[in-house]
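Should a chain be cited, it is by its letter among A, B, C and D, assigned in written order, with residues numbered from 1 in that chain.
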Amino acid sequence: MHILVCDGTGCRSSQSGLISEMFRDELLRKGLKNEVQVIRTGCFGFCEKGPIVKILPDNTFYTQVRPEDTAEIIDEHIIKGRKVTRLLYLDPDTQEYVSDSKHMGFYKKQLRVALRNCGLIDPENIDEAIARDAYQALGKVLSEYTPEQTIDIIKRSGLRGRGGAGFPTGLKWEITGKNPADRKYVVCNADEGDPGAFMDRSILEGDPHSVLEAMAICGYCIGASNGLIYVRAEYPLAVKRLKVAIEQAHQYGLLGEHIFGTDFSFDIKLRYGAGAFVCGEETALIHSMEGKRGEPTNKPPFPSQSGYLGKPTNVNNVETFANVPVIILKGAEWFSSIGTEKSKGTKVFALAGKINNVGLIEVPMGTTLREIIFEIGGGIKNGKKFKAIQTGGPSGGCLTEKHLDTPIDYESLTAAGSMMGSGGMIVLDEDDCMVSVAKYYLGFIVEESCGKCAPCRIGNKRLYEILERITKGKAVPEDLDKLRNLCNVIRDTALCGLGQTSPNPVLSTLNNFIEEYEEHVFEKKCRSGQCHDLLYYVIDEEECTGCGACKRVCPVNAISGEKKQPHIIDQKICIKCGSCMEKCQFDAINLKNEYKSTTVSV
Amino acid sequence: MEMIKLTIDNKKIEVAEGTTILKAARQFGIDIPTLCHFELGDMGIENKPGGCRICVVEIEGRRNLAPSCITEVQEGMVVNTHNIRVINARRTVLELIISDHPFDCLVCAKSGQCELQHLATQLGIREIPYKGEQSTYRKDTSPSIIRDIDKCILCRRCEMMCNQVQTVGALSAINRGFMSVVAPAFEMNLEDSPCTYCGQCVSVCPTGALTEVDHTNDIIRALSDPSKTVIVQTAPAVRAALGEEFGMEPGTLVTGKLVAALRRLGFDYVFDTDFSADLTIMEEGTEFLNRIKRHMAGDTSVRLPILTSCCPGWVNFFEHNFPDLLDVPSTAKSPQQMFGAIAKTYFADKIGVNRNDLVVVSIMPCLAKKYECQRNEFKVNGNPDVDYSISTRELAAFIKLANIDFLDLPDEDFDDPLGESSGAGVIFGNTGGVIEAACRTAYELYTGKKLEKIEFEELRGLEGIRSATIDFDGLPLNIGIANGLGNARKLLDEVRAGTSNYHAIEIMACPGGCIGGGGQPYHHGNSEILRRRAAAIYTEDERKTIRKSHENPSIIRLYSEFLGEPGSKKSHCLLHTHYFPKSNEVTIHR
Amino acid sequence: MSTKTNTENHIANECPYNGSLPEVEVKIKLTADKIEKIDAICRSFDNDPGELINVLHETQSEFGYLPAEVQDVIAQNLRIPVAQVYGVVSFYSFFTMTPKGEHPISICLGTACYVRGSEKILEEFKKELKIEVGETTPDGKFSINCLRCVGACGLAPVVMVGERVFGRVSPEGVKQIIAEYNN
Amino acid sequence: MTEIKTLADLKKKQEEVKSRIDLRNKAENPEARVQVKVAMATCGIAAGAKKVMEYFVEELEKRNIDAIVTQTGCMGYCFAEPTVEVILPGKEAMVFGYVDNVRADEIIERYIKHGELVDGIIPQNYDTIEHEER
């Protein structure tokens, strides 16, 4: 028998270390040392209910175990074989105790559709992919369905673009299919540029064939025999695995001429990005593939009308494609049974930031942020307080406590002031300054703006400058109005989708954390202490001995005080050189994010 | 064509399918301001990157504002061009653009002609609420063009002109985001780039980012130096455009006033480049006939077609791009340089002035002429044949500076002996004019017959590439004409490939020829202005009594007194030149 | 002052171009084998201007960077203006015109790394090496640049030196990393 | 490799290769070998997965354990990279996190050889879609 004790950060901070020691002691005492092993495991992810203890082989999952419960578990469960019911998980819906974790809501929260083969097969071996049904959907489509029927399946499934905007995939295929041309293209957008997002890369690295197969299916539907994958050059491993996969698919005749003995031929070539976030925008991506500067152009015309080399082009992102083969094999109804009314299926997120279980997750649409953060993600790191979750990367926004029960789908995230984006999720805790976070994203946008349109090129620069003034304590009240007006105008007038959404990080923090902005502007205070310029050297009256060492070393004579009396620093004069703190032998001088007014009434 | 019904600013209108909102609005008298948008529609030149976002309008039911210059109308569309949301957005965008623009309007070469300035006035910008860092770059001065790209607003018109229209490829958008700007490769000097100085970038630049090098001050200095004799020549296209700068209707001929103004500015002699245009025809025409005759006699070493060489932008272009074809163009100098060479020899000797004390000024519709007159091969012991070349625009500013009431000036005549010209010299200003002038002379010299109809209508027009076959009394000659360097490239590629069946090709670097030159008054995208200038040139030709170069008495006298005959040794020394490969391509031996 | 007439002077001076033509400036300072390498890369993409970015990728991996001369040769092969090549090179952050250090240091500034303090790590590197982002130390040993997300968010903040990844880097650890490569 | 010309060909091929995956998933066969899968996506490699994989290959051979070591994509546990999944014949898959050579040695000696669990297990927290027939 095994006793697994969670040794994750969350559980450890609620004494899981002591719990495993007590188990060992108790087992020793009961003479069961050789029969029962105590194992410390990694985080179970269910930190909400920690500390977690799991008994194998019967898979009993105990929650919120306290050190004093260890004896009871051994006596009752290990020796007598009776489960300690009060420590089992109580299903909030059914009000029944659940002992096997597999039947618990939490573990059902993830469902891997797009990631179905990631971590399961050797991505460089096509046989393993075939063993997991790769290319069956393509075979089925080519031998049983017309393009129209296939498009109909995709349409009925409710699949929408996973790159962020959520355009219905089937409809896109249909439109591109209907535009007549001698040549058409299928493009896979694998230019995942969001800082802190790596969903697409994981699919390409873990299951490249799912994408290749889906592109061929798309090609069959729209009447294209050429596919292009635009992949970031910063993803060397994904590039390598794609090359291997394309090569192997060719050897099996699953790509190339007359696939499955039909008239359908399809080939896929790779094109590399070169470090430009804007190339995630489809018109910019197309220009980049043509060897040009990756600048977007106005839509219409849409790529479905005039895309790569002026030909109708269907652009979908990696995750969207990865869903397609499963939909064909399992049916539109199966897919549309997952998710919410308007957003079907699952979505992959890269969960990162101040969270215990950083990683790649895939959940059905409609899962709430709370479930993701506290159940799957295992809660906030180091037991800190949750402050916000940033979704959608630089185009998205920061959502707060009040949005935690929002079911995730395209519409509700947009309504809440953020967006689905490609799937980055960054969790922020109480130590994060929301103005600085907005500034971080604006810094990214300023660096990545292509420069073609004035609102994005200059407007975001000005936004950044205002945010910088705010974090440096140099802002004036009008700056807040300017921020808001600029955000609205940029959103209204920028040329491409990226420009139009670029003010979102500012707008969403302005809406949800206006008090932090106001503190910075009016009180020159950063509550999380992140803004260096808003930290102050303050003398602790209790600790100060009045030795005068600080006064002597201060280069601007900002320190005053009588001998043997607590000294005081005039913040209006202080240049924050730090010499006084270095000099003080009594640790009486500290950096603080606020200070008491130095005005003394005489 | 299908008609689309829509509503703009509560007006119900109907326009053809495919019309942009901007055009539809303008058709019905609604003015939507624009900035980056630029169109010479019928000449196939258009620039609508949709980048400045000034022309945004609200389309009901759409989330964002839409750029009216590229958004096509749709059935039932309801458009608001000036509601509060639009006005606020438009003003904010303009404030942003201005926040990254130097505030030196008082000393800017473009002041008063600046589209950004006009727009700021129009939208009532009174302060810049969004002050911040400005993007700054190195200022670059070439012989013809100054690039002060701190003033660049990234409308990309110059890039479009330089690449799509002229295929010169000297300029490209570079960098990214806030630091993006239009510049030559590696931000090198324009002088080191394949720039031809055609000046088309300058002629479309909405701000002072691209301007000509101004030589007015040098000329004022020369005029005020009593030891100098200062003479001036004016190119044909100047007289058809200068009036625009004084509020006259485009296409007004101001030859007489132009002469009078130059005289009042203090020039000692006012001459005409048309005179040396006639001279060019004599030399180039002779060379052409020679090549034809040798060709017909079976001489395979002779290169055909012959290419005209009077356009310095074009000369720079083929030196850069077709260094392998340097023996194809005529060796005749341009009229400006022929004038300079004759002025500083024949004329200087005539009036007994040392060439070093003779200052030759040219008034040109062109910026490449500034570079041309500085070329080493056009200097004798360091003294240039033409000292200064100023543009039509600079002359207008000069006249205003001198407080000359241009409109009130009497018509005056050019001085002798370098002021007399034929109608053939005048039409040099239009695309097709040089070759028409050449045909008038070559025909008569070749056939010995008198032309029945002087006008070769088949050689006229504004299309980029034209061709015609002229019957030289039983000898059909294939003539090609290109205006705009992109069109020239097409014909030159054929020559290079050996598939060209032309005997002679006229090439002008600027769209429309010299009337559309880089130094002409700004047309701000109105191609009607070009058409009127062209018509004015042909009118001037018609008014002339002498319309063939070889009949110009001053030309006849020049040959009899001085040069001998066309193509003589003296003519060659003074009036012909060589070309130099300026390949921007790799010249390493492989 | 000569007593000759202007005309005689002009003719005596002859036309300077009647002599030998001036040498055309050789702009390219690359050795023949390097040019051959670039030619081969361009050829492998059929000298297709649409393949410019792929050509630049291959060339950069060959030379480590894309100096002006190299871009000139590429422009010639693909028959496009070099300004256009430069326009593309200067647009994409992956392309560089300065050689990287022997040990190129890349600090991830992806969001996950950012919220876990990668800015401080960057500052520390800049302070220690006394260079700015995009620069190389005078001895050519180190260069600093930033990148966005290597996908090792679980190890944030992340620093890459060459191909090697250092995870969970602290400001104090910076000196150690540099020291490791400084011997 | 033979070309796959029809859907039937593909299904035949799948039957041939299926066992490899089945072994990995169910491992019903007591004769089946030990499977070690190392997550080799960028995050894993960044954390040293390559070395760990090499270590497993070499050590398992040295210690005469009949095992298959394969690479696989990201399992999603980026916080615990390098991660290794070990499937003993007839047992459920076990994922170990933070695997270095020391831990790998422990996994081989204690878990693979003797079936004893060792510290560092990561509970698998997702479901993968499976086809009805399986």
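What we mean here is this: a residue touches a chain if its C-beta (ideal position, glycine included) is under 8 Å from a C-beta of that chain, and two chains touch if they have at least 3 such contacts.
Values in this document were obtained by computation on a predicted structure and should not be read as measured data.
Undergrad: Whose Cα centre is nearest the centre of all Cα atoms in view?
TA: Here the chain at the core of the arrangement is C.
Undergrad: Of every pair of chains, which is linked by the largest number of C-beta contacts?
TA: Max contact pairs: A-D.
Undergrad: CA centre of chain C versus CA centre of chain D: separation in Å?
TA: For chain C versus chain D, the centre distance works out to 42 Å.
Undergrad: If you average the CA atoms of chain B and of chain C, how many Å lie between those two points?
TA: For chain B versus chain C, the centre distance works out to 37 Å.
Undergrad: Please tell me the distance, in whole Å, between the geometric centres of chain B and chain D computed from their C-alpha atoms.
TA: Roughly 73 Å separates the two chain centres.
Undergrad: If you average the CA atoms of chain A and of chain B, how many Å lie between those two points?
TA: Distance between chain centres: 56 Å.
Undergrad: Please list all residues of chain D that touch 2 or more other chains.
TA: In chain D, the residues touching two or more other chains are 41-43, 45, 77-80.
Undergrad: Residues of chain A that contact two or more other chains, please.
TA: Expected reply: 198, 201-202, 235, 276, 293, 352, 358-359, 450.
Undergrad: Send over the residues of chain B in touch with two or more other chains.
TA: Residues 173, 175-176.
Undergrad: According to the definition already given, which pairs of chains are in contact?
TA: The complete list of chain pairs in contact reads A-B, A-C, A-D, B-C, C-D.
Undergrad: Where on chain A is chain C touching in the complex?
TA: Chain A reaches chain C through residues 193-198, 201-202, 233-235, 271-277, 288-294, 309, 350, 352-354, 358-359, 390, 393, 424, 426, 428, 432, 437, 440-441, 444, 450.
Undergrad: Could you pull out which chain A residues touch chain B in their complex?
TA: 276, 293, 295, 297-298, 300, 446-455, 457-459, 461-462, 465, 482, 485-486, 489, 491-495, 500
Undergrad: Of all residues in chain D, which touch chain A in the complex?
TA: 1-7, 10-11, 13-14, 16-22, 24, 37, 39-43, 45, 70-80, 85, 97-98, 116-123, 125-129, 131
Undergrad: In the complex, go through chain D and note every residue touching chain C.
TA: 41-43, 45-47, 77-81
Undergrad: Name, in rising order, each residue of chain B that touches chain A in their complex.
TA: Against chain A, chain B makes touches at 49-53, 56, 64-65, 67, 70-72, 85, 88-89, 92-93, 96-97, 99-100, 129-130, 132-133, 153-154, 173, 175-180.
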